[in-house]
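Structure first, commentary second.
Chains here go by letter, A, B, C and D, matching the order in which they are written, and residues are numbered from 1 within each.
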Amino acid sequence: MRTPVIGIMGAAAPTPASYAAAEKLGRLVAERGWIVLTGGEPAGVMAAACAGAKQVAGSLTLGILPGTSEGAGPDVDVAVFTGMGDARNAINVLSSDIIVACGVEGPGTSSEVALAIKAGKPVILLGASSAARAFFRSIGEWLPAADPEEAVRLIEQKLEDTQ
Amino acid sequence: MRTPVIGIMGAAAPTPASYAAAEKLGRLVAERGWIVLTGGEPAGVMAAACAGAKQVAGSLTLGILPGTSEGAGPDVDVAVFTGMGDARNAINVLSSDIIVACGVEGPGTSSEVALAIKAGKPVILLGASSAARAFFRSIGEWLPAADPEEAVRLIEQKLEDTQ
Amino acid sequence: MRTPVIGIMGAAAPTPASYAAAEKLGRLVAERGWIVLTGGEPAGVMAAACAGAKQVAGSLTLGILPGTSEGAGPDVDVAVFTGMGDARNAINVLSSDIIVACGVEGPGTSSEVALAIKAGKPVILLGASSAARAFFRSIGEWLPAADPEEAVRLIEQKLEDTQ
Amino acid sequence: MRTPVIGIMGAAAPTPASYAAAEKLGRLVAERGWIVLTGGEPAGVMAAACAGAKQVAGSLTLGILPGTSEGAGPDVDVAVFTGMGDARNAINVLSSDIIVACGVEGPGTSSEVALAIKAGKPVILLGASSAARAFFRSIGEWLPAADPEEAVRLIEQKLEDTQ
């Protein structure tokens, strides 16, 4: 079986709580040997998740970039340059076995959560606002997580279910 | 100046109210000589908006399809086949001067509204649920419309502003 | 049946012969009521084909642009902004019923001819160099045309065959 | 500096010589610690390059797939699912620091070589036919290699030049 890929999504300018959650989640995901996939940019949740993962020896971070050649963060091991702008959000979703949004605080993350629900991917909302939870409950299926540890437990369950 | 392109977005399986709004909006947009852009499929809001537009002589409907060669609805005059699946939602947004969502009832429409806000496009939410209005208020700028007539007045204002 | 879409491809900096052929071909295609599809930019074969088409009353030109919001030529009636750079060449191909290359003089056109052959689309090479003809003969099927009039006759045959 | 990514391109149904060259090149690239990028499918040059790389302990293979969820070969470590069909060829090119075509025997590879020349990427043609060499000489810059060893020497030079 290929190594699971966990997509960690979130705002480029997140709240401090979402930033901290993404960093911890990145570390926990990497400790389990899974690949961390993000949008690859050196900002916000993307940067935090990769930085967390790179605290773990042997970790692998995959960044799916909007640009054609530049702009990957320092903690991205493998950079895929799509040249497609925000249309690459669809690739982030398809290439992740499970998607975790650390806060749903901006339109980019919102589009990824929506595309993931559309694609039938398992989606975990970590620290989402009550407005985000109410809205996404109205359009499809997802799981809430109160903290990174709970998100990892949900990922483990989902990976077992799909084996 | 190029003919304005109005993107009319919405669910493939909308409520009857959203379907009726899309059909009327398609007609009103076409009566003003603007191009109607949709996702091109023969279902829901996409089909209704195109059907409404084609009640008007000389109207032009543009469908941006997810597939490679088939699946455009009968009221689509010009079909663009992207072969990109839901990643084409980004093209729908970029190719529209203004986006109107007739209901935000499914994940595809949600991703389009989010991408449009991200791209800085004028977005009008017509008949959105209170959950959708509350959530999208939390992530960016958009305008509410109570009915297709109000949506068209807002479009006219926006087009004047950007001239 | 939807109006046929004829993709006219070629270099942004073509030879004078290819430029002239594209302009004439655009006019001949438009005179038959078919839609002219190009890469939409105000340069070379793209510009010539659209200019030729717009000499015909009631013609329709469709440009599939690499950028997100600007850069469509003045003779493009409907501009689709992909934001995907050269990846949009695949959309040009999928959205055309038949592809005509007016010269194969640059890498962009070469990629479109190759993608069209891969997609199984009818491809006509008009005024291709002997090197281009020899190479594309080695990788797949296409039809040669000596001038725009012959290209149009080949298009008419192909459209009849596929009806 | 990020680990160099070497794109190895070629036909899904290559000649035996191109298959053997791709396998050897994959191994040589992996021995130098570089990442092997391919189109990810379990066929032809893509499969051979990945199989060659996976003979080397600690190697990393990256596959950029056309589909949405399936179809990656067994020797692909990290699979990126684009859902974009052949439009993903542009991503293969942008994500590679250097592109090596093992034979230019089909339209997919031809489109990648053309897109790589368009993007200004270093391109090496290994074992290309005289028709392919003559044609690509007419549209842009690339380097010939007689065998995988020479290709690797050219890659080393290019990587030094760009540091």
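Rule of thumb we're sticking to: a contact is a pair of C-beta atoms (placed from the backbone, for glycine too) under 8 Å apart; a residue touches a chain by one contact, two chains touch by 3 or more.
Predicted model only: the values in this text are computed from it and were never measured.
Asks: If we look at chain B and chain D, which chains touch each of them?
Replies: Looking at chain D and chain B together, the chains touching each of them are A, C.
Asks: Specify the chain most distant from chain D by Cα centroid.
Replies: The chain lying farthest from chain D is B.
Asks: Using only Cα atoms, superpose chain B on chain C and state the rotation angle in degrees, rounded to the nearest 5.
Replies: Angle of the fitting rotation, chain B to chain C: 180 degrees.
Asks: In whole angstrom, how far does the Cα centroid of chain A sit from the Cα centroid of chain B?
Replies: Each chain's C-alpha centroid was found; their separation is 29 Å.
Asks: Find the geometric centre of each of chain A and chain C from their Cα atoms only, then give the gap between the two centres in Å, rounded to an integer.
Replies: Distance between chain centres, rounded to whole Å: 40 Å.
Asks: Got the chain B residues that touch at least 2 other chains?
Replies: 68, 82-87, 90-91, 119
Asks: Show which residues of chain D lie in contact with chain C when the two form their complex.
Replies: Touching chain C: residues 84-91, 104-108, 110-111, 114-115, 117-119, 129, 131-132, 134-140 of chain D.
Asks: Along chain B, where are the residues that touch chain C in the complex?
Replies: Touching chain C: residues 2-3, 5, 35, 60, 62, 64, 68-69, 72, 76-84, 90-91, 94-95, 119 of chain B.
Asks: Quick check on the complex: what are the chain D residues that touch chain B?
Replies: 68, 82-87
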